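Going by the order they are written in, the chains are A, B, C and D; count residues from 1 in each one.
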Amino acid sequence: MDEIREECGVFGIWRRNDKDVSKDIYYGLTALQHRGQEAAGIAVCDSSGEPGNICIYKNRGLVSEVFAEHKLEELKGNIGVGHVRYSTFGGSDVRNAQPMAFQYLKGTLALVHNGNIVNAIDIKERLFKEGSVFSATSDSEVVATLIARLRAKTGSVEEAVKQAVPILEGGYALIIMSPRKLVALRDPQGLKPLCIGRIGDGYVISSEDCAISAVGGEFIRDINPGEIITISDKGIRSDTELCTSESEHAHCIFEYIYFARLDSTIDKVSVYNSRYSAGRALSKAYPVEADIVAGVPESGLTAAMGYADEANIPYVQAFHKNSYVGRTFIKPTKEERESAVHMKLNVIADVVRGKRMVLIDDSIVRGTTIANLISMLRSAGATQVHVRICSPPFLHPCYYGTDVSDNSQLIADHMSVDGICKMIGADSLGYMRIEDLSEMTGDLPLCKACFDGIYPTEVKTQG
Amino acid sequence: MDEIREECGVFGIWRRNDKDVSKDIYYGLTALQHRGQEAAGIAVCDSSGEPGNICIYKNRGLVSEVFAEHKLEELKGNIGVGHVRYSTFGGSDVRNAQPMAFQYLKGTLALVHNGNIVNAIDIKERLFKEGSVFSATSDSEVVATLIARLRAKTGSVEEAVKQAVPILEGGYALIIMSPRKLVALRDPQGLKPLCIGRIGDGYVISSEDCAISAVGGEFIRDINPGEIITISDKGIRSDTELCTSESEHAHCIFEYIYFARLDSTIDKVSVYNSRYSAGRALSKAYPVEADIVAGVPESGLTAAMGYADEANIPYVQAFHKNSYVGRTFIKPTKEERESAVHMKLNVIADVVRGKRMVLIDDSIVRGTTIANLISMLRSAGATQVHVRICSPPFLHPCYYGTDVSDNSQLIADHMSVDGICKMIGADSLGYMRIEDLSEMTGDLPLCKACFDGIYPTEVKTQG
Amino acid sequence: MDEIREECGVFGIWRRNDKDVSKDIYYGLTALQHRGQEAAGIAVCDSSGEPGNICIYKNRGLVSEVFAEHKLEELKGNIGVGHVRYSTFGGSDVRNAQPMAFQYLKGTLALVHNGNIVNAIDIKERLFKEGSVFSATSDSEVVATLIARLRAKTGSVEEAVKQAVPILEGGYALIIMSPRKLVALRDPQGLKPLCIGRIGDGYVISSEDCAISAVGGEFIRDINPGEIITISDKGIRSDTELCTSESEHAHCIFEYIYFARLDSTIDKVSVYNSRYSAGRALSKAYPVEADIVAGVPESGLTAAMGYADEANIPYVQAFHKNSYVGRTFIKPTKEERESAVHMKLNVIADVVRGKRMVLIDDSIVRGTTIANLISMLRSAGATQVHVRICSPPFLHPCYYGTDVSDNSQLIADHMSVDGICKMIGADSLGYMRIEDLSEMTGDLPLCKACFDGIYPTEVKTQG
Amino acid sequence: MDEIREECGVFGIWRRNDKDVSKDIYYGLTALQHRGQEAAGIAVCDSSGEPGNICIYKNRGLVSEVFAEHKLEELKGNIGVGHVRYSTFGGSDVRNAQPMAFQYLKGTLALVHNGNIVNAIDIKERLFKEGSVFSATSDSEVVATLIARLRAKTGSVEEAVKQAVPILEGGYALIIMSPRKLVALRDPQGLKPLCIGRIGDGYVISSEDCAISAVGGEFIRDINPGEIITISDKGIRSDTELCTSESEHAHCIFEYIYFARLDSTIDKVSVYNSRYSAGRALSKAYPVEADIVAGVPESGLTAAMGYADEANIPYVQAFHKNSYVGRTFIKPTKEERESAVHMKLNVIADVVRGKRMVLIDDSIVRGTTIANLISMLRSAGATQVHVRICSPPFLHPCYYGTDVSDNSQLIADHMSVDGICKMIGADSLGYMRIEDLSEMTGDLPLCKACFDGIYPTEVKTQG
């Protein structure tokens, strides 16, 4: 599935004495790179130095493109935050790259943010009326301004963060660095992931635990929905006053289906296991006689292994993926288009020739990519192609940061399953049933609004 | 004189239909490049399009480095502002590059600014208390925030600008672009230059008139101190209510001595003539028997011609200047240092050998450069070197944008003229007398605070 | 296996009228990028234009980094050759990038080359004595000079190529472009792969067939060892006079084990099938009781599927590979080193915890990488790790282009299999037996000198 | 004069122990940058190390753009050569950038070359027939190949250079570096300049003496036409066997008029003096009643001072030159063209208004630039513009490296002086008379073939 784009990854670190946290952040962001490839940034601060002296560098591109070694060496400090971005609300302008740093009455702060504030426009309007001025267009700047204004009236950053929570609607994971502290906040529904780990005599906060192990840290636990964590030289403090009861939680199902890294575990559910189980559930729900099972790289592969295991059909690799077809690759023009999918994914003909196959993908948005793949498989000699999809049909827009917000793009919105099956040229098509999602994630309370239209917060369409 | 750095150049343009003003701004900024080589930026707006849709691009480097052709083509609009920057208050961070664009209650505006707001810290403190948040560190952001806040409470941008004038202390030239208008403002003392011209069916505003002719425009007049000019599709409007009487004017003498381009005319005084007259005045004040007269490139050359003419001594070129020794040139280390001045300026030995010479420079800050040059001239065979300086001794810091704000750097602060003469190794030394400055600029009311300590506004040392 | 680096990929195309072959070459080289990531280059020629007017562009970097769209558009022609390079003999200097273009008595030619000329130094010495001068240091320049000198004495490029064959010892695939023709040559042992396809009214020549399908062409056949193919507007001509009998053929086994792309078929043997069969063979030769089978990405995965299938043990994915850890990634220092493998490959702990596993890799050179992986697997809870290697122990250097030419680097050269097993921390270790290689490639005659020391050509150690 | 482009600058250095000559070369090339701005390169060698180990780096751009500090640090050696290039014969391809390094029978050599070999095509043909192959298209590669082939048959590089002299026709200055020696050669007519200096315990060779003083060296003398200088650890050796008598010398007059730097002295004639004298000569030959004398920057300025002095009319600066209009400046399109000259050169109106002026330029090629300038001067109020040109009319092509080789471009070839005067809009026009050239350079034997068609060598038009 190419059409849904993940959003952002956040990373924060606090170490007692080590002044080279920028390098840890570099490794952490590289581990989170799958969450956003458009821009990357790091802000650090030396808590023993001049207060307010935050060093920041950010630019468009991958982490390894944005940061050369000498850049990291210039970023000296023992506290830091980092960000990888795929643009959601606000456009791809470099002004919207994060971290964002702000001066305000009591000093300086830097902020990184994953997610979407559903009522950002309302809050912005209110801040405008109070005389605020904005230089970027992202909702992160709105959050930062809100917190800075609240901070001007309260005793501490963490108190300002706390006062902001009732105002902010949406899914978000935030890390705020003041010259002496890190403050981390996860939205009260737990839509966005955020976890904490230990590293030496310090702490690390990350969107996913894979980035904690990437820097040699040790996972402690997920931050609870609504929890505010403050790390300073007085140690770590958890404010759970705004934490919600489990019945109010709504963890985004798409983190498991698509966003998160295969080796991460979020809210105690292993991403790998959830996908493998999705494959098993699809096999039970839609059994079919076939010779081989294959997945669409990358996110369909694990489910294909689960399907193969449950159905006792050999798992094979039907596609070769060319990892050199990257961002700067010159795409073929319309006339040359047919070869385009071949460039990135090519069928391994010897594997599929003369075979009845099951093909697993994570989701269908427009349906054009899977249709192409099926046609390639048939050209290579596959006799049957039975498609199984690890998620229910996409019927509703997401307001929390997933970049598919317009119904007209959703094929399932205006076509039956049979119609889609024919359109993509499959022999049969089975979508994961909503009631089977629990096979993926057990009794974890989920946000599955994109499938069932039940939104965990108030929403308002953004003009 | 290498040690004083000019500040900034501003340029604005309003055309009725032409959507390619970015190219005009490109040429205008190239003509103003001498005012700042650190960063360049352009913001444009299409007044017939979506309001608020301002396109902006800025980066470190020369105009020709920052803007490639395709960049200019992306910047479509019929109104625009541009800026070349040398950092004064705020540091060289790219965040401080201009134009600065802001969203506020009533829409969007972009701002370019030359000068220094003396009380920027006080205004910032006041804005902090009202809840403002800043993302850059320059005083331009302070001005923009102030205007945006005032705009939120008043009926028009020009009204907001007008209310800002009594609050802002210092020397400044401002151009503000709202989606439909250009508003230009010159400080009530007229410290910073700003003029207006006609181009086709539109108007152009510029720090110096050389940029007006560079784009094929026609100079109309200087903007008056305290005058607010508004250009929109209703035509041009001048608000003179805050204009001061001539006795309150204080035009910066250093624009004539050093900052402005030789072919500019500011406040009706030709820069070339003022420098040529400075040379004549020096010749009358400090005559000396000599064989040749030469200037230190570039800003000493014209005065040398005037001195030569007055004294009836041949004008010669004593130095070759290597124009390829630019910003990226790798400077010699200390041990290799002696050759450094040779790299940039080399004596033309055949010209000075066996000659008694007069050497003209614009000013002396630390005295090291002129000392080096004199030593080079003597090595090449000059028998006498009589130094004449086009400005009086530097005794007081400038708070209005000139980057020499610390007395300890000023050699004249702690040394007599005789002492300096010995220190630099000259046979005689003559500084322009304060009473002779009128020979340069006639009866133009001047700010010459750096010489006499009489400041035209309240000042406050910035911490 | 990280330690062996593939060498080069070559691509050539001849079209009757289409002047945009540079874009085809771009796609072809992208499909061959796995064969070399250090430098890329394209040379084209318009056969209807001025003879001798060859346009060439090459630089360090990936194909997509070297070629922007406007670069391709400047390269107009209907004949062309392209190259991706990993440096073997000659160093990484950009002077050694290919294509290499030469002027000689009869005109101009461009050449691309994959492989190693074993007696390059001898030939160079001989050319030196005849007065030749070299500006690069690669053996490709030696080949080109040899052919150009022969061409000066003979009637055609193809004749010169033919005369060069008895002089050149080694493994090589060559494509030579003269202003009107493409001439392709494969070494008489068939050590290096080269095949031909049809595209529209033209032809394409490539190291692997995956690049033929990438440009929408149709595979015709492998070029025979010793065969010379000439393509011009007179059509295609095959000169088989120097072709050897099958008993003299010696196809490089490492193309199947490691170099070639999974979806390629070389000399009628599918790379996928050969690797899958290697897994099966390993399972038969070294059965073991285990819960799961996994491969080391990328080249160990297919064999792991084969092993799993043969042994009837579930195939799983034990590692997540971070595809963003690329060439420009800043590697951790020694002290940070432990996390380095984690950055690129991370264990999916939920998969291996409490499991007895079989781990398949393609080969062992130094043994350090596999030792690290095993230690990671045990940390994640794997109870047993049985290692199976798809190739026999590496005992002899390769002189034909594989970048492992020094015995001291080969762990198998100075350690027993038991010793290696202990050193890498495996529970058991099984190398593919030489006699089982036929299970991979059937009765294809192979060069397996790196395992058995039997070289198909004379060799001479290069000083 | 914009239309004639200078050619190249060469620089060589030999130091006993200092391994950082690359930095000296960097400074030397910066001092010679006026001779070529298209490409720059440095090759160095450590004479105490492995023989043949020459390090080289070259690229398109100015010296300061091509060489960053770390690049210079990688170029370690005590012998070196450098080159700045403006393309003459061979095109602007980076393959033609110098130094060129070659391997040949006896080792390695690097070569830098200023000038043009008139019979390069003949020599190339001959080398082709002997089996040579060329990878670049410049005549420098021809020279290098010739020398390498001769070296293969003789005992030393200097002997090979000597044998090459009778074969090479044209104007050239060569520096050849072998791993232990520098060999410098100046053509027997002395068309191109080359001189030698001392630096510490070593030597430096340069196109002009300004580069010797730029590195802190001491000028020794010009190298004689036909002289071969060899520098090695045995000291310096001069071979004068091929030196010609003074009557055969023919020094290029354009070095004085335009190419060389104002502060250089070539063949004992000061460039400054020669230009100043040209001005005096013009004043005597073409006196006119006028108020002011001005020059066209840069090369017309000195002559204008001489004219002013001789005529006793005040010297003034009539144009401001914008030094920021550089190579990357986006030129105005045809419609915007009028402003183009204004961008680079702007009239200082106050200087010329109401004045009768004499305007001095170095030469006229097409006449369009001077016509534009005259029109600008009249617009600014000049009442009369009398043009004086420091060189006779251009009537014949130059075959020795000056980039004007086609008669059709030369306005003087098909128009009378009166016609040109009218065409450019001058009130009067006076060209330097051929018989007056001796006033510039005394009795120095000159090549003035471009004026009188008398070529000092055989010439042959290059196809």
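Note that contacts are C-beta pairs under 8 Å (C-beta built on N, C-alpha and C of every residue); 3 or more make two chains touch, one makes a residue touch a chain.
Worth saying up front: this structure is predicted, and the values here are computed from it rather than measured.
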Next item on the list: Would you pick out the chains that touch subunit C and also touch subunit D?
Entry: none
Notebook entry, point to check: Of all chains present, which has the mean Cα position farthest from that of subunit C?
Noted result: B
Check: Just curious, how far off is subunit C from subunit B if you go by their C-alpha centres, in Å?
Finding: 61
Notebook entry, point to check: Rounded to the nearest whole Å, what is the centre-to-centre distance of subunit A and subunit B, using the mean of the C-alpha atoms as each centre?
Noted result: 49
Notebook entry, point to check: Taking each chain's centre as its mean C-alpha position, how far apart are subunit B and subunit D in Å?
Noted result: 37
Notebook entry, point to check: What are the residues of subunit A that contact at least two other chains?
Noted result: none
Item checked: Chains touching one another, given as label pairs in label order -> A-B, A-C, B-D, C-D
Check: In their shared complex, at which residues does subunit C touch subunit A?
Finding: 23, 26-27, 30-31, 33-34, 37, 62-65, 67-69, 72, 210, 213-216, 261-263, 265, 270, 272-273, 301-302, 305, 308-309, 314-317, 320, 322-326, 328-330, 332, 336, 338-339, 342-343, 346-351
Item checked: subunit C-facing residues of subunit D, complex -> 100-105, 128-137, 141, 144-145, 148-149, 152
